[in-house]
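Going in written order, the chains are labelled A, B and C, and every chain counts its residues from 1.
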């Protein structure tokens, strides 16, 4: 059981305000971990720190190596990050956007190789975006665009995949598809970490990290009662978690 | 003579004296009453007596006041008035187009002389200051404005001053050798290039000197030219200010013009340019400057 | 198939450019007869070969430089309203010209050098200095917003400095105005060669750097997560921007709108990655400026309109039409 991603004594600030107050976390390889917590808990910030995108104090280790010692390209080949949509790439085609995910693997300015083509096709088929690969991003709906951005992250074929609100704009069938993709990746040995505010789906993961106010309150298996109690408590007892047909469901408690 | 007749005579003398005095006073007053000037805006300005404290906001007007020997009446000028040297010691009240209203008012002028195109006139008039707007642009204007200022200042020297100016310009024209009369001149006013056409002040001076302007009158006073036009026209002589002379030789095609090849270029520094450009009494100096340069450059010489 | 379309458009733009060169040779103070007489009249020959040809070609290269710079600026700032003058290059160039005019006559040394280098050196130095000042103020290229803000501040401050000089020396007013509105009037063969060299250099560099712009289109964080060394590459792009803009502005003055309109023009007919966008935008800019220059020389011949006025009319008019079209079909530009 190896550790894919670990964090020691992470402190991070946004502007002058400290947002993460000392996080220690170890994420096992080959599992899907979801991070839940109320708004402003620091979930997205933590994910960015784990991806090496924010300055922080403390250490992040990726697959046994300190993240800061890895050259950018090497890190990009091993860790893919999908953030909340801030793209302005309306003119690029779906295929072009997905191909951007291969940048870490391509020598500078080279044409896509056969491996690149295969990776892009696989990613686009997995998100069911292959049929409209020639369309421009700007012509797609919100949900379709999200699937393309997801395909871009999948095309990296990285061992560790960090995703922040990957289900934005996705309708239920495609949310299910996403879960299927994640389960398949994990089955192959990849590590997936997702920040989700859809708690029901978050509970489908292998492990759950519960965060509030810049600290980790609980880290445990998703099916464990202690995890459920922690989740209910972090939301001030305004939700309750129930078992329905083998799965855990979150209901509001009025 | 008895006492009563003496008293009568004294009374009569007193009466006479008083009547004389009254007549004298009335006469004087009517002579200087209602000094009226119609300025270039068409506005009629009335003054009780000739102004003793004058602020001038246009260099050419400053020079005209001094040419009429009334320099001492100036209490303030704009920052661009620089001739004669004595006016540089006067308080400067800002630019001609954007004077410092407060500074003008503080000088308590009887009248302010300024260009017609300045907006400050409304503000000054609203503050109760008399404004006379005059803007000489042509040779004829110099005469006209000189006479207006003469009337305003209450001196009748203006016509004589003009005659001297006029005669001097004619003399400058005469001083040119006959061969130089057919010289074709190009006067570049500023980068662009902008040339001086026949209807500009400079163009008029050139015409009076008897030389030809390569720019036809149809192009207006300051046309912005295609540099090609000058190359094609191939002037005999080029006149230009020193800063605009920068890079003139490198302009495509210009190096081959005969004026550039034979170095027949009159380059004027800033002070000389002031004389050439201002429609005022120093047009004489400007004309002489041009005439001297033309005679000098166009004199047949062995290179 | 977008690549095929892009290639087709490139070809069309080149053909239009060639056609415009032919027209440009016939336009000026004398019109077409100069070409007909060129064979036997040396002055006519000189007009066509030494004046009109380098000037027309120069207009193309200057437009190409501005189109290139505009595409780079819009990619770098991820903003369709960006233009090459954003980082203080325009105000720096104007101040450079004003200072050159003022320093003339101050000392024989200054005068000698100014006569040799002319005002173009002052404009170029000023443009580059303006960009450097912006980079200094923004403390590097890390934060796009800070860079933009610094550019605006530098533009305003240097502009004010120039205005102070104009106040002290109103005799420069017309010369400065003709610089501010742009003109190809003084572009000869040497100026053309300098611009052409710069264009080749900048095109090569921009093409090399274009993957960064594509990555940036996904957002800065995503681009960083893909392993792109953003700071280094952004600095290089800013350098390309400064060089291209400075070279164009030094020779033709401040021509408005070409840098802004050319990329939009291209994007309205083809959607493509930044590498091709920059190339096509460059070609489009060349055509735009060349057409405007021909009109500027033709409309009131033998007088000339400032070419910047015409680029604003042409470019602005086209953008207006484009907005109207898009307003009819979709909501936002």
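General observations
Here is the rule we use: a contact is a pair of C-beta atoms (placed from the backbone, for glycine too) under 8 Å apart; a residue touches a chain by one contact, two chains touch by 3 or more.
These numbers were taken from a predicted model, which means no experiment stands behind them.
The set of chains in contact with chain B as well as chain C is empty.
In this view the innermost chain, defined by its CA centroid being closest to the centroid of all protein CA atoms, is C.
Taking each chain's centre as the mean of its C-alpha atoms, the one that lies farthest from the centre of chain A is B. Chain centres here are Cα means. That of chain A falls 43 Å from that of chain C.
Averaging Cα coordinates per chain places chain A and chain B 80 Å apart. Counting partner chains per residue, chain A shows two or more touched chains at no residue at all.
Per the touch definition, chain B reaches chain C in the complex via residues 80, 95, 189-194, 219, 223-229, 231-232, 234, 241-247, 250-253, 256, 269-270, 273. The touching residues of chain C, when paired with chain B in their complex, are 28-30, 43, 46-47, 50-52, 54-55, 100-101, 104-105, 114-115, 118-120, 167, 170-179, 183, 185-190, 297, 301-306.
On the side of chain A, the complex with chain C involves touching residues 48, 51-53, 72-77, 79-83, 85-89, 91-93, 96-97, 100-101, 103-104, 108-109, 134, 136, 149, 152, 156. Considering their complex, residues 1-2, 78, 208, 211, 214-215, 217-222, 224-229, 267, 271-273, 277 of chain C touch chain A.
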